[in-house]
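Provided herewith is a single structure, encoded as C-alpha cells, for subsequent inquiry.
Chain nomenclature is as follows: A, B, C, D and E, assigned in order of appearance, with residue numbering initiated at 1 for each chain independently.
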Amino acid sequence: MFSFQPDRSQYPDVGPDGKFEIDLETGKFLKLWHGPNHPGITGNMSVELTVNGDEVVEGYTHVGYLHRGFEKLMERRTFIQVFPIVCRVCVPEPDFNEYCYAAAVEELAGIEVPEEANWIRTLILEMGRFNSYMMAMGGIAGALGNGVIGQWMTYVRDLMLDRFEELTGARIYHMFILPGGVRAGLPEGFEARMEEVLQTAERYLDDVEKVLFTNAVFKKRTKGVGYIDPKLFESYGVTGPNARAGGVAKDVRKDSPYLVYDQLSFEVPVEQDSDIWARSIVRYRDLRLTIDLIRQILAKMPKGGEVMTSLPNVLHWKIPRGETYIKGESSRGEYGYYLVTDGSGYPRRVNVRGPSYTHAMALLEHLIPGTNIADVAALMVSLHTYPPEIER
Amino acid sequence: MRDLIEKLTPRYTLGNATYQRADLTFVDVTRDELRALLLELRDKEGFTHLVLLTAVDWIEEGKFQLTYMINNREADQTLGLRLYIDRNDAEGDTIHDIWPTAATYQRELREMFGIAFPGSPRVDEEFILEGWTDMPPYRRDFDTLAYSQQTYVEREGRETHDPRATMKHKMYPEG
Amino acid sequence: MGSLRDVLSPFTAWKHVIETPVTIKNPIGREAADRYRGFHQNDTDKCIGCGSCEDICQNAAIDMIPVDNPKDGDSGLRPQIDYGRCCWCALCVDVCMTGSLTMSNEYTWVDSDPDAFRFIPGVDKMPWDDFEKGYERQGDRMLSGLTRPEMAELEPEARIGNFDEIVAGYSREQAVLEADRCVECGLCVATCPAHMDIPDYIAAIREGDYDLGTQILYETNPFSEVCGRVCTHKCETVCAAQYEGEPIAIRWLKRHIIDNVSEERRLEIVGTPQVLPTGQKVAVVGAGPAGLTAAYDLARSGHAVTVFEAQDKPGGMMRYGIPEYRLPYDALDRDIAVIKAQGVEIKTGTRIGTDITLDQLKADYDATVLSIGLHLGRSTRVPGSDAPGVEAAIDLLRRITAGEEVPVPKKVAVIGGGNVAMDIARSMARLQKQKFGEVGVTVTALEDFDHFLADKEEVTESFEEGIEILDARGPQEIVTFKSGKRKGHVKGLRTWKVTSIFDEQGRFTPQYDEGDEMVHEVEMVVEAIGQMADISLLGDELTEALEWNRGRIAVDADGHTSEPWLWGGGDAVHGPDVIHAVADGHKIAASVNVALMAKAEAEK
Amino acid sequence: MKREALSKLTTVEEVLELVAEFDREAHGFYVELIPQVSKSIRYIVEDLALTRLEHIRKISALAKSDDMRDHLKDAIMRPEADRKFSDAVQTPELMENPDDQGVLQFALARVQLAIEEYADLAANTPPGPFHEVFSYLANEESKHKSDLEALYYEIVHSGGV
Amino acid sequence: MKDLDKNFKKDTETEFPLREEMRPRKVTTPDGQVIDIDPLADYFCQEAPKVHRKSYSAIVEGFYNWARANSLWILGFGTGCGAIEMRPLMTPRFDAYRYGIQWRPTPRQANLLVISGYLSVKTLKRAIRAYEQMPQPKFVVGLGSCTINGGMYWDSYNTIKKLDEYLPVDLYIAGCMPRPEALLAGFMELKKIIRKGEAEGANKYAENFDWYKANQKSVIKDWDMPDYSW
C-alpha cells in the first residue's frame, strides 16, 4: 500500500544520549556535501551534512574557500594602502569595512572628520544596508522556491547600485570612505534620483508583502522552523536582526550611536518568535526603516562643505602605538574592526569581527541536527551570512 | 569603567589599563586568573557578550597577546582583556564552555597562529586553510610575499625603473 | 495560518505582466556614471614621472617605464598600469603630484591574451584617451601636505641696521612637518649638481636621526652649513611638490640637520682619513668651495694637500662674496674646521703668480688643482664708468668682509639684477643705516621682474629693507660733475626703459624706449652685472698652452685640463654656483686620485 | 667713403661684389687680430672672422643665383627690428690689448655702422633691385648684431650669485 | 617563507590522510548484504581527457560552432567576488537570457565556467573538479584582475596568480570587478571566438594534460582525488 509516510523501520536507533551513533560502515548514514558549488548556498561555503533518510543528523560548516589572508595582507600595507583592500572583506556590503577601518585609523591617529563627511558616511552605510537586505529578501524567498522575489529585489538593488555609482564612482567596491573623510560630496540632483529609487523599492516591497509574507507556503515552511532559543544568543554571540527576531532589542545604531545616528529618529523593529519567519519579517521591517533613514539623512544633512581633511603625507604615515575597536550595526549584526598599531607605518594587526563568523559556524552547526535537508538552505539564508567575511 | 577596574583590582592581578574611549577599555590580565575573571565579568558584571577573541604577534618580545573582548550590552561598555603568552609552544586555555562560540575563534587561532587550545572542540581540524604545509600564516615571521612568489607563478615581462637612478643616469651618463 | 487570503495573495504578482519591462535595450557599452573610476588616462606632458603612483599602489600594479622626450625636472619615466593587478581604487590619482593621472569612465576591455592588459596611459593610444568624464581629483591633493611651515626670520627693522643672520632655521617640529611632505621621488638627486641624497637625509630628519643625516650630507657635500643657507637649490625647482603647493624646503632641511649636530659630534661622525698616507702631494689654488671640497676628498684618500689662498682667510667667494647676514662667518668656519681636521694645510695670504708661481707648484707637487673663482667684476663700460665713485660690487663686498673702510654715501645706485646686486645693495643699505639711520639704495636691472635673475626671497627682503628696485632699466651713462670741486666725480646714473629683453627664441635682444629716461641722483654707482676670473696668474705661456672653451679653461668630464698636471674647476670653469663648485671638487678629486694612485703604484 | 664707392656703381652684381670686398677686408682684420688677443678669448674673434667669411659666401652665391630678386624679397619681408641695446654701446675704436668685452663692443659698433650705412642707402634708393639689395644687406647685418648681443649678455651680464 | 621552520613543516603523505568518506571500507546495506566500497575507484572515472575532434566537414563544424556560441550555459559557481555582478545578468534588467546565456546548477549541464575573480587554493581544487565534470566542448572565462595576474591578492599566500597555469582560459575580462555590461561584452566576444572555432581551451587542456596536472598539484598539497574526475 502506498503511503506518504516513509518506512523508517530500517533507520538506525537513537543512542542513549538521544544522539545517533554515526558509523558510515553501517550503511545507514550518508555524507551529503551541501556546497560549495550549490545554488542554495549563501555564497562560496559548504556544509557537510550527515543524513539519515532526509533528516540531517549532523552538520559541519566548511569555510575557507574565499580565504585571501586579508589580516596578513593588511600587515604589510601602509595605512592608506589598507583602505582599498578592506572593502573586499565583505562583497555584498563592503562599506562597513571602509567605515570601521577609517574610524579606527582616525581614532588612533587623532584625525577629525568634517561633519558633512559623517553624514555621507551614514548615507553610504544605509545604502549598503539597503542592498544587503535586498539580497537577503531575495535569498530567503529563493531558498524556498519563490524566485520572482529574487528577480525584483536584484532589480531594485541594481537601481541602488546606480546611485552608488553616481555618488562613489563604483558599483560594488566603492572605496569611498577613506581615513579623513569621504572622497566627494553629493552630485547634483542626487536626492531626487534617490527618492525615485526609494519609491520603486517601496512599490516592490508592497508586492513582497503580498507575495511572500501573505503566502501559505512561505508561512508553512518558515513558522516554527529554525528556532533559536534566545537564551543561546549570548553563548553564540548572536547579534543584529537574528537577535532582534528573538525579542532582543539590541542595535548598535541605537545603543551606542556612531556617526550621526543620534541625530536620526528611529525605532528598531523587534519580533519575538525567533524562527525563520521572524527573522525574515524583521529584515523586511528593517529594510523599510532603512528607506526611511535614507530620506531622513538626505533631508537633514549639510551640503556643499568640506568632506575630507588633509592627511599627513600618506606615503610615510606613522601612527603611534595603540589599539582600538570600532563597531557598527551592519545588516547582519555587530560588525567591528580591532586595530592594533605599533608606531610604525603599518598596522600591527587588524582583526575583522564579522557577524557571519559566529552565525554561520558554531550557531549553524548547533541548529542543523534534526532539520530536514530541504530546510537547511532556508535556515542558512535566514541567518543571513556572507562567507567572505567569515574567512576574510 | 575605572570603577570596575578599581573594584576588581584587590582580587585580581590586573596590569596596565588603557582607557581608550568612554566605552572601551583594555586591561592586562594573567593566565591563572583569566577564567575566574571572565566568569565573574559574565555572571556578575553583565559582560555577557564575547565580541571577539584574537591574537596579536609581538614577535620582538617573544609574546602572543590574546585579546578577549567582551561587552556589556546594557551599559554599552566594551572591555578588552589582554593576556600575554609565550610565543614558543604557545598555548591558551579554552573558554568554549563559557562561550561555545569561542571554539570557532580558538580553531582559527590554532590554525593561523599555531596557538594550542587543548580541550577545545575540533581545534586540531583544518579550518580555513586546506593542505597547508607551512608555518601558521598569521605569525609575523611568515613572509606572505616570499611564499607567494615561491609557490605561485606571476606573469612575466614586468620591469620597473627608479626615477632617481634613471634620471641620474640620463643626465649624467658618466656618473 | 492557512487562510484563503494566504493562498490567493501571491497571485497579485501577475499584475507585473502588464507593466513595461525594465530591461535595458542595449546594455553593452552603457555609459557609466560621471564619476566612475574606469581605465586610466595620463596627461604625459604634465606628468613628471615621480613614481608616487607606483609607491602608493598596494597592488604593485604600476611600473615606471622610460619614454622619450623628458622635460626639465622629469625623470623620463611614465607609469605603466597592469590591469592584472589594478583594483581601481584611484589612490594613484589621489596621490599624483601634478594631477596628470586621471581615470575615464570607460570600463570594457576584453581580450583572450592575458599579457595584453598592460599599457602606459597617454603613451599607448587607447579609445578612452579623450574621454571627458571619469574620476579626477577634486581640488588639490590631500594625501600629502601642500605648504611649508613658516620660517622664522628677523623683522626688517631688526635686521637692517646690522649684519646678523636673518633666517632662524627650522625648529624640530617645523622640520618634521616639512620633511613629512617629501614623497621621496628623487627627482632632486639628479638635478643637484653634487647629487646629494636628498630624500635620504630628509628621511633621517623624520626619524630624528641627525647623526645619520650628517653622515649622508658629508658623503656628497662637506659644505652643509654653507649650502644649508645659500645654496641655489636647483633641487627645489624640480621638486614634485611644487606643482600643487610649495616645493619642499630642501635647503632649510639640510641646514636643520647640521644645526642639530654639535661641532664636536660632527668631527666624530666625519672622523679623519682612514687610509695610509700615499706620499703624494697635491696643491690646490684657491680655498673656495671647489678647492676645499677637492682638498677634503683628496686628504681622505691619503694624499697630502696644501691649499693656497690669496686672501687672509679661506672660504673664497663664500666668505668674500656672500654677506654675513646670509652666511655667518662662523658657520663657514665650522665647515672649514672639519676639512682642516682631515689634515688639509691651508696657506692663506699666498697669491699665486706673486708669492709663488704655478711653475713652482708644477715642480713641487704631484698634481695641481686650479679653483680660482670669479673675483673680477665686470664693468658696463658706459660713458663715465671709469669715474671716481664707480665701484665693482665684488670688490666692495670683499672689502666689507675684510673689514676695510668703504665709502658709504647717502645715495647709491646699483646696476644689475642678480644675487650679487642684491647682496651689495643690502650690504650698502646696512652700512647706510648704521651711518645715517636711513637707507638710500636704488637697484636698476635690465630684466623685468618676470625674468629676474635674483631669487624671489632676495627681492622681497630687499623691498622690506627699504631698497628701491627698478626693473627693466638699462644703464646709458654715468653722469659726472662737469665742474665744481667734485668735477669728474659721479653725479648720477642715466637709464632707459627696457621694453622687452628677450626675443621669441629666448635670446637676449633688449629693446629700449628712449622716451622713458630717468636720471638717478647718486653719489656712488656700483656695477654688479657680472664677474670674471682673474686668469693673469696663468702667465702667457700657460695661457697659450692650455685649451680653452669659450673663454674658460677647457676641462674634460673629470675636470682635467689639457695639461696633464693641472685640473680646474669651480666658478672659473663652470660659472658661479656654490653647489656646482662642490660637485666639481668631488669630480676633480676622484680624477686626481686615480692619477695619483697610478703614479704611486708606478713609483713602488 | 663706403657710400661714395657704392653709389657710383650701376649694376646689382657690382654692388654685391663691392660689399663682398668690404667683408673680405673685415675678415682680414679679424684674422690678423686673432693672435693679438689672449688665447682665452680668441674664440670670439675667430667667430667674428668666420661670420664675415660666411657673409662673403652668401653674397657671392646670391650674386650668381637666378632667382636672386625673389630671394631678396623673401628676406626683406621679415626685417630684423632695430632699436637695440648696443646702440648705447660706445667705443668704436678698438683698445690696446683688448679683452672679450672690448672685442665685442668693437664688433657691435662696426656692425651698427654697417647697418646704418645700408639702411641709409636703401632709404635713398627708389624701389627696385638696388633698394632691395641694400635692405637685404641691412637686414643681414641686423641678424648678426642680434647674435653678438646675445653673446655679449652671456659673457658680460652673467648676473652673478 | 617555505621550509623556514621545521616545526611547522608538514608531510603531505602522513599529515593529510584521506577523509573518512573517501577511504575504502566495507558497508552493510539495509538488507544485510556486505559490500566493498572504494570511493576513489567507484565514484570517478580515471581516464584522461581526449581532444575533441573537429567535424569532417567545415560546414558542419561551422554549424556546430554557431549552435555552441548561441547557447552558453554557465555553471552557477561563484568562486570569488565577481560572482555578485553575475546576479544582475540573470534578472530582467540586463537579461542575459536573450543572448542565449543561462546559468545551470550543475557542471553536467554547463559548458562555460566563469572564474569570477580570485581563486583560493581550496576553491581551485573544486573549480578543477567542476571544470573536468563539464562535458566538451567547454570554455573558461576569467573575470577581473585576479585571474590575469593575481590582482590585489598578488602577495597572498592562499590565492593563485595566473589562472592559465591551472585551467585553459579562453577569455579575460578586465575590471575589479567587471560590471555586468562588461561581462556581457565579454560573453559576446567569446561567442565570436567560438563562431570562429578558436575557443580551443578544452583541447589545449587535453593536449597539455600533464603540464596542467603538475601545476595543479604543485599548489594543491593534499591531492586526494583521481587525476581526472568526470
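Convention: a residue touches a chain if its C-beta (ideal position, glycine included) is under 8 Å from a C-beta of that chain, and two chains touch if they have at least 3 such contacts.
A quick map from chain label to UniProt name: A = NADH-quinone oxidoreductase subunit D; B = NADH:ubiquinone oxidoreductase 30kDa subunit domain-containing protein; C = Oxidoreductase; D = Rubrerythrin.
Since the model is a prediction, treat every value here as computed from it, not as a measurement.
The fewest steps needed to get from subunit A to subunit D (Rubrerythrin), moving only between touching chains, is 2. Any chain that touches subunit B and also touches subunit D (Rubrerythrin) is listed here: C.
Shared contact partners of subunit C (Oxidoreductase) and subunit D (Rubrerythrin) are absent. Using the mean of the Cα atoms as each chain's centre, the chain most removed from subunit C (Oxidoreductase) is E.
If each chain is reduced to the centroid of its CA atoms, subunit A and subunit C (Oxidoreductase) end up 57 Å from each other.
The distance from the centre of subunit D (Rubrerythrin) to the centre of subunit E, with each centre set as the mean of the Cα atoms, comes to 84 Å. One simple way to say how far apart two chains are is to compare their mean CA positions; for subunit B and subunit E this gives 35 Å.
With each centre defined as the average position of its C-alpha atoms, the distance from subunit C (Oxidoreductase) to subunit E rounds to 60 Å. Touching of two or more other chains is recorded for residues 22, 32, 58, 82, 84, 87-88, 114 of subunit C (Oxidoreductase). In subunit A, the positions touching at least two other chains are 64, 67, 69, 72-73, 76, 84-85, 155, 173. All chain pairs that touch, listed by label, are A-B, A-C, A-E, B-C, B-E, C-D, C-E. Within the complex formed with subunit A, the subunit E residues making contact are 20-21, 25-30, 75-81, 83-85, 87-88, 90-93, 105, 107, 118, 120, 122-123, 126, 130, 152-153, 155-159, 176-177, 179. The part of subunit E that touches subunit C (Oxidoreductase) in the complex is made up of residues 92-95, 98, 142, 145, 147-152, 154-155, 162-164, 169-176, 178-182, 184-186, 188-189, 193. Every residue of subunit A that touches subunit B in the complex is listed here, in rising order: 63-64, 67, 69, 71-73, 75-76, 107, 234-237, 239, 250, 255-256, 322-325, 327, 334, 336, 338, 340, 348-349, 351, 353, 357-358, 361-363, 366, 391.
On subunit B, the positions that touch subunit E within their shared complex are 114, 129-137, 141-148, 150-155.
Chain contact summary for the complex, subunit C (Oxidoreductase) toward subunit D (Rubrerythrin): residues 232, 317, 321, 374, 378-383, 393-394, 416-421, 446, 453-454, 474, 476, 496, 503, 507-512, 528-531, 535, 543-544, 546, 548, 550-553, 575-578.
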